[in-house]
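So that you can tell them apart, the chains are marked A, B, C, D and E in the order they are listed, and the count of residues begins at 1 in each.
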């Protein structure tokens, strides 16, 4: 019974995620693709839920939807890109790109399809364990991550900010 | 539902993101495709951690989310600079350096 | 699932910590308006001091998640030396085109931190993160002249392709993790002993990061564009140190962790190395812009270097590391001279010897060293790598390599020929500066001295 | 005592060094004294040596070891025996006279000191040639005299003809020496010695050995002998390498007298005589020597009959006379050959110097048909010239008669099957010789002058410094014949064996005398009594005449066979095709190819980074395919 | 006109005082140093290292002289080179001819990680080249006196560095060191050709560099294999080891690639005419005198002793190549229109003789080969010097522009004649001894090859004498007279430059044992070693 529901949901997610991601790619208007992305991210969060990773779901929603996506939309607004009518969405050589991607998929498929796993699946996850692990064993990566974020911050500011003497270099 | 199913899902999404990255002209959409790819990888991590009963995967997902976010920041900043500077926001218009 | 209790000893990590603090301090130093030279000299002198107390921190940290042994220390020394020279190179350039100098210094330092962490991290997560730390700061550095369309273009290209490569690499890591259930190399070593397709594919995708950063064909195509577009000191920086770090880290992982899969990756790398030598050299012959030329030459050098990795032995890896050291000196020196001459078009190098004999001589030294002609150090390290290859029975590969070396001689000599044998077309206005001169001298003297007394390289 | 004979070499060498180094800065008088005295010194010392030899002992002395390498050990030493003694006398004495003569002849020439330097150097090298005690020294002298003749033929180098002649002489000689050197090698690798005495002691062991060349097995000694004889052919201007000698007349006349008549050109004969133990052991070699000698003497004589240039006529007669000497050697009568060499040295030098004095008088005019009636103007020259003609014509009583008769007799009497044949040819040649020499005499000295009056007034007798040597030589050429060289040489060259009884010698003598006298009388009839006949003859036999006049077209033939093709091949095939097109094409083609290739694949580097990404993905796919080894 | 020509000659003979004085001073210093050198030689003083590094150091000192003090630079270069030569004389005098051992050996550990030593030494085969090199360097310096008039300082520095590298090649007893010197020599030579050369200098320089470089990288691979296989890089040790036959073949070809290009042997000779023609006089002299000897020397030092079987296997092939080179070079000389080019091709032919001699593998052949190397170095070097002096006066190299030079410059033409004769191997000159020995050895080894090679005696005479006739004889070419105007015959400096070589030509011609005795034992040892090794392998 449980199996069947899982099956159904799995199929749903598969189809919907694919459609959504494709929507991100094909939609004419950038805002539209941003919204497709939003829904896509939410679905991914839901998939996490199915994989007994509630914490990840939360993070996914907070960071991506709350952070990244907002960033995207801001960026789009800042650039206020005027969408001329019937502008080309794809590059000239899109066919070759498509083929390359499909080949890649095919390759992945060839070995992904028969991956076996051990029987004992992850029981309900507890966040405290995650936290403990994060702050004891994975302390070093955590610190490095802080540096990564710092660099991202600084870099983002450096490159994106408008300085008074930008003009004279134009 | 089996591990291979979820891996298949992630592979599919990854490839779709890749295709999008390869064929779409708008820089911002390309960044979005990058995000899609990262998410695909996250799904793979999560599914591994689920089916192998091992939390490290989830931790990795945390980190990769953060990295993806910071990548997005830098990427957007660069794209912003480009658009500010040259008014170009299409990938195939950026081809002055070649040969 | 229980958590392994690990002692939180991190004294092996102190150098990184110190450097991080210093980088942040530099970032803050932007508030008090120091002159570039002051800042540069402060950081340089700090780093020089740093050089001396770095070697004393051998050992492990975080239960072997972070390892600091002789090899990593050697790599870190290379990185620090490179950083010092690139900082010296940076200065004059900053003076020239008023860009935000303290951020760039800070970013260079941050990426140096990333490299140091990268070479000594023994665990996939920190590995990935430090790689990202390095790359992100370099993306920013490349695009730092944001009012310059070339710089923008370079940044976009580098960032986008880098993003794809890191995504792919992350996928590979995921596969490895999935197959081994751990991210700790020590545990991975235990569990990779029996063959597993997942792991081999994982290793493959994981190596893409290496191939991309090292610019092996066909992952090389961003290199000429980015090197040309980026500010020249940054080019000098990114053409050398990231390669050092990446090679150090990945090479070690491949040789120590995935040694059971050597058949796969080395056979792949053989193909790549031949393709790289071919493409790099052939394209370099065609270039008119010296930065592009050097870019292709660095691609070709990656081809030679990889041979040492293909061998798959410890000595092979050591020879690679040594090669990287000399390569760093040569390349930074060459780019520094490009800054000094303030010229990118090779045509304008004609007759430079007339006006700047000393600099021309330096250029000559670097060019012959890049070609690998004795008595320069470029020859010694090439000899070393080839020797390892011959030992492992890759003589045919060495033969191919030396043939391409001859081809490379053609375009390196062209520069010498222009400088010494042609009549000048235009008098290029030099960018003189104390720091720049010092940097060039250090590189030149290093290259020649180590060529004559190779003892000190090993 | 023996070591002092090195002075024979040192005197001329000193003279050479003095004249070449300092000669330019001192007056001509000093130069000529240095030149003449040095030769005189050599002559004196060599007379001592000759007396030693006459007392029956041979002198051999090694100065120092020249080359040592493994089994090759050559020493720089000299050997003076009867043969050498004869040559010494000829070289030094005639050389000395010619030096004296030159003082007058070359008077006022800008290259005066250079001339004497070369002349001394020549004497030096000629002495090395004759005195050396091993083959390598012989070769040394051999090449050195060739060099000197090169210098002296090209003495007036600003004349293209002279320069050409000099070059031609040297190169043709080199062709001969090519064979000579190979002969030396072949000899050495079989006997492992180059010293005469060792060679002669080891030679008999080689008898009957054969060597295999391209499948044919050839008798070893014959091959050695023939290869060595190649050198003789070149040096002594025998067919087919005789072409250089006539041109060599471009040089000053005393040079022609000394080098191209008396000494150098006869070196071949000397060599054959010196190596007689080798030749003596190979019938075929001897036959070749004799036949070549006979043919040369005959054809050269025929050519000489029609030439108009005085010196050329004498040159051809030289060739033909040397042919005689080779006939002598060819029938194993080396003594006779050397005897003729000896006499020939005197009368031929005399002829040349007479011609020289005529030139001196007529401002370099050489065409005999532009002369005539000179005997009134220059009596001494005329007398001496006449004596020389009589001698060469073999008129009994003169030295030429003895030597020529000796050769013809041994040819006639030898056991060789070709003996008779060469005897017939020789006798005919004797007639021809008499004819053309007296043709010269009659045309040039009798009759009346054919040139302008002004020229005629200009004619005068040469100064005494030139005439005295003429007289001396004339006297010599009459009397030297009475000293029997063959008998003197017997210890060295042995005694030729005779199959016919001595009574027949009279017959041979008479035949040759008749031949000579007929020649003279025909010449007299044609050129004195009825000069018109010669015209008629030339018209009636114009074809034959042309053939002779053009020396059987040998020069043209060589030019056509050897010179032109070589040049064409080197230019068309070797340089333009092989060097420039083929090799250079490959050398420059490879970089070119690489460059083209680069240009071809360059377009993949379009600036569009999505394509770069596509390539990356392609790389990944390939890699995974490699791993999954699909 | 002869009178005034003579008069001009007298003028040209008036001696330059300061030149003579400085020369005398140098001689004095030299003799002092000579004594000193003897003393040191007794005290086991590192002569060879001094010989190598003295020019390097002094070159770096010269580099410090300010650019405008040209006379000073030139004089110091002369002094340095002469002192170098004098330093090399004790080598010659206190060399022990009775042993094939390496003498004056020095050995220091250089790269301990690889067990590579800095070890130098000379034996009978190599010592002569060192002397020759230091002699020719002096002449190169003096002949460049007026010829080089731009970047003077760099020129002399490059010249001295080339000299050091070259003698280093001949001295080094460590294969790695050998390669270092071998390649290091390319850099200054490349500059000498490319910077101070003639009109086509750049093409020639690059061609020279790449040609030789591609040869030597194959040798590098060979060295790597050798080193890996034996674990040592000491040449003596390598010589005493024996290698499997197949490996011998491969290594033979690897080394052949480098040496054949340097020599140059037939199909890979085309760099030589260009390089020789375009290089400045000093460059041509160095090239012809020493540089191309390095190839033949390499054959003697590596291919013969180390790969005897392969060598014996390849002997016929090598002899055929050599003979092709001999005849090919000679024939192509017949139709050259450019003086220097002709001499360059003639050295292809002469080096053909050298390789022929070496690969006869018998005493006479090899000794002749070595001697012929020296001779060719002296003679062709001298010829290039002569051509350089002429070119300096007329600035044309085309034979057609000359004629009647002998009338105008008698002393010059006398020298030229002497060297011409030496180059066509006339007895009494050194050329004869070398060619005679080589041909004798070849005759022992393979008669046909000897016969073919001997034809070059004729062709050689033909082209050299024809050249001489066209340049020196016949009418004075108006073209030439126009150029020559103002210059006379050789001046004292030039005569002093040519005199030593002329002396060597005659000295060796009349007393070759002076040199033959040096190599005698070593060559015997070499042949014995080869036969023994082959026997052992059989």
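Going forward, a contact is a pair of C-beta atoms (placed from the backbone, for glycine too) under 8 Å apart; a residue touches a chain by one contact, two chains touch by 3 or more.
What you see is a predicted model, and the numbers here were worked out from it, not measured in a lab.
Engineer: Tell me which chains count as touching both subunit A and subunit C.
Structural biologist: Touching subunit A and subunit C alike, sorted by label: B, D.
Engineer: Both subunit B and subunit D are touched by which chains?
Structural biologist: Expected: A, C.
Engineer: Stepping chain to touching chain, what's the minimum from subunit B to subunit E?
Structural biologist: The distance in steps between these two chains is 2.
Engineer: Most contacts: which chain pair?
Structural biologist: The chain pair with the largest number of C-beta contacts is A-B.
Engineer: If I average the C-alpha coordinates per chain and also across every protein chain shown, which chain's average lies closest to the global one?
Structural biologist: Central chain is E.
Engineer: From subunit E, which chain is the farthest off, judged by mean CA positions?
Structural biologist: It is A.
Engineer: Compare the CA centroid of subunit C with every other chain's and tell me the farthest one.
Structural biologist: Between subunit C and the rest, the longest centre separation is with D.
Engineer: From the C-alpha centre of subunit C to that of subunit D, how far is it in Å?
Structural biologist: Going by mean C-alpha positions, subunit C sits 79 Å from subunit D.
Engineer: Where the centres are mean C-alpha positions, what is the separation of subunit A from subunit E, in Å?
Structural biologist: Each chain reduced to its C-alpha mean, subunit A and subunit E end up 73 Å apart.
Engineer: Would you mind pulling out the distance in Å between where the CA atoms of subunit A average out and where those of subunit D do?
Structural biologist: About 104 Å separates the centre of subunit A from that of subunit D.
Engineer: So how far apart, in whole Å, are subunit B and subunit C when each is placed at the average of its C-alpha atoms?
Structural biologist: Comparing mean C-alpha positions, subunit C is 26 Å from subunit B.
Engineer: At least two partner chains per residue is the criterion; list those residues in subunit E.
Structural biologist: Residues 210 of subunit E touch two or more partner chains.
Engineer: Where in subunit B do residues touch at least two different other chains?
Structural biologist: 3, 7, 14, 17-18, 21-23, 31, 52-56, 59, 63, 67, 70-71, 74, 78-79, 81, 84-85, 91-92, 94, 96-99
Engineer: Residues of subunit D that touch two or more other chains: which are they?
Structural biologist: Residues 591, 602, 605, 607-611, 613-614, 617-618, 620, 624, 628.
Engineer: Following the definition at the start, I'd like every touching pair of chains, please.
Structural biologist: Applying the touch rule to all chain pairs gives A-B, A-C, A-D, B-C, B-D, C-D, C-E, D-E.
Engineer: Within the complex, which stretch of subunit A touches subunit D?
Structural biologist: Of all residues in subunit A, those touching subunit D are 91, 93, 96-97, 100-101, 103-104, 107, 110-111.
Engineer: Okay, in this complex, where on subunit B does subunit A touch?
Structural biologist: 1-9, 11-20, 22-26, 28-29, 31-33, 35-36, 39, 42-43, 46-47, 49-56, 58-59, 61-63, 65-74, 76-81, 83-85, 89, 91-92
Engineer: Quick one: in the complex, what on subunit B touches subunit D?
Structural biologist: 18, 21-23, 91-92, 94-99
Engineer: Which residues of subunit A touch subunit B once you look at their complex with the stated criterion?
Structural biologist: For this pair, the touching residues of subunit A are 3, 6-7, 10, 13-14, 17-18, 21-22, 24-25, 30, 33-34, 37, 40-41, 44, 47-48, 51-53, 55-56, 59-60, 63-64, 67-68, 71-72, 75-76, 78-79, 81, 88-92, 94, 97-98, 100-102, 104-105, 108-109, 112-118, 120-123, 125, 129-130, 133-134, 138, 141, 145, 148-149, 151-153, 155-160, 162, 170.
Engineer: Give every residue of subunit C touching subunit D within the complex, in rising order.
Structural biologist: Touch list, subunit C to subunit D: 153, 156-157, 160-161, 164-165, 168, 197, 200-201, 204-205, 207-208, 211-212, 217-219, 221-222, 224-225, 264, 267-268, 271-272, 279, 282-283, 285-286, 407, 410.
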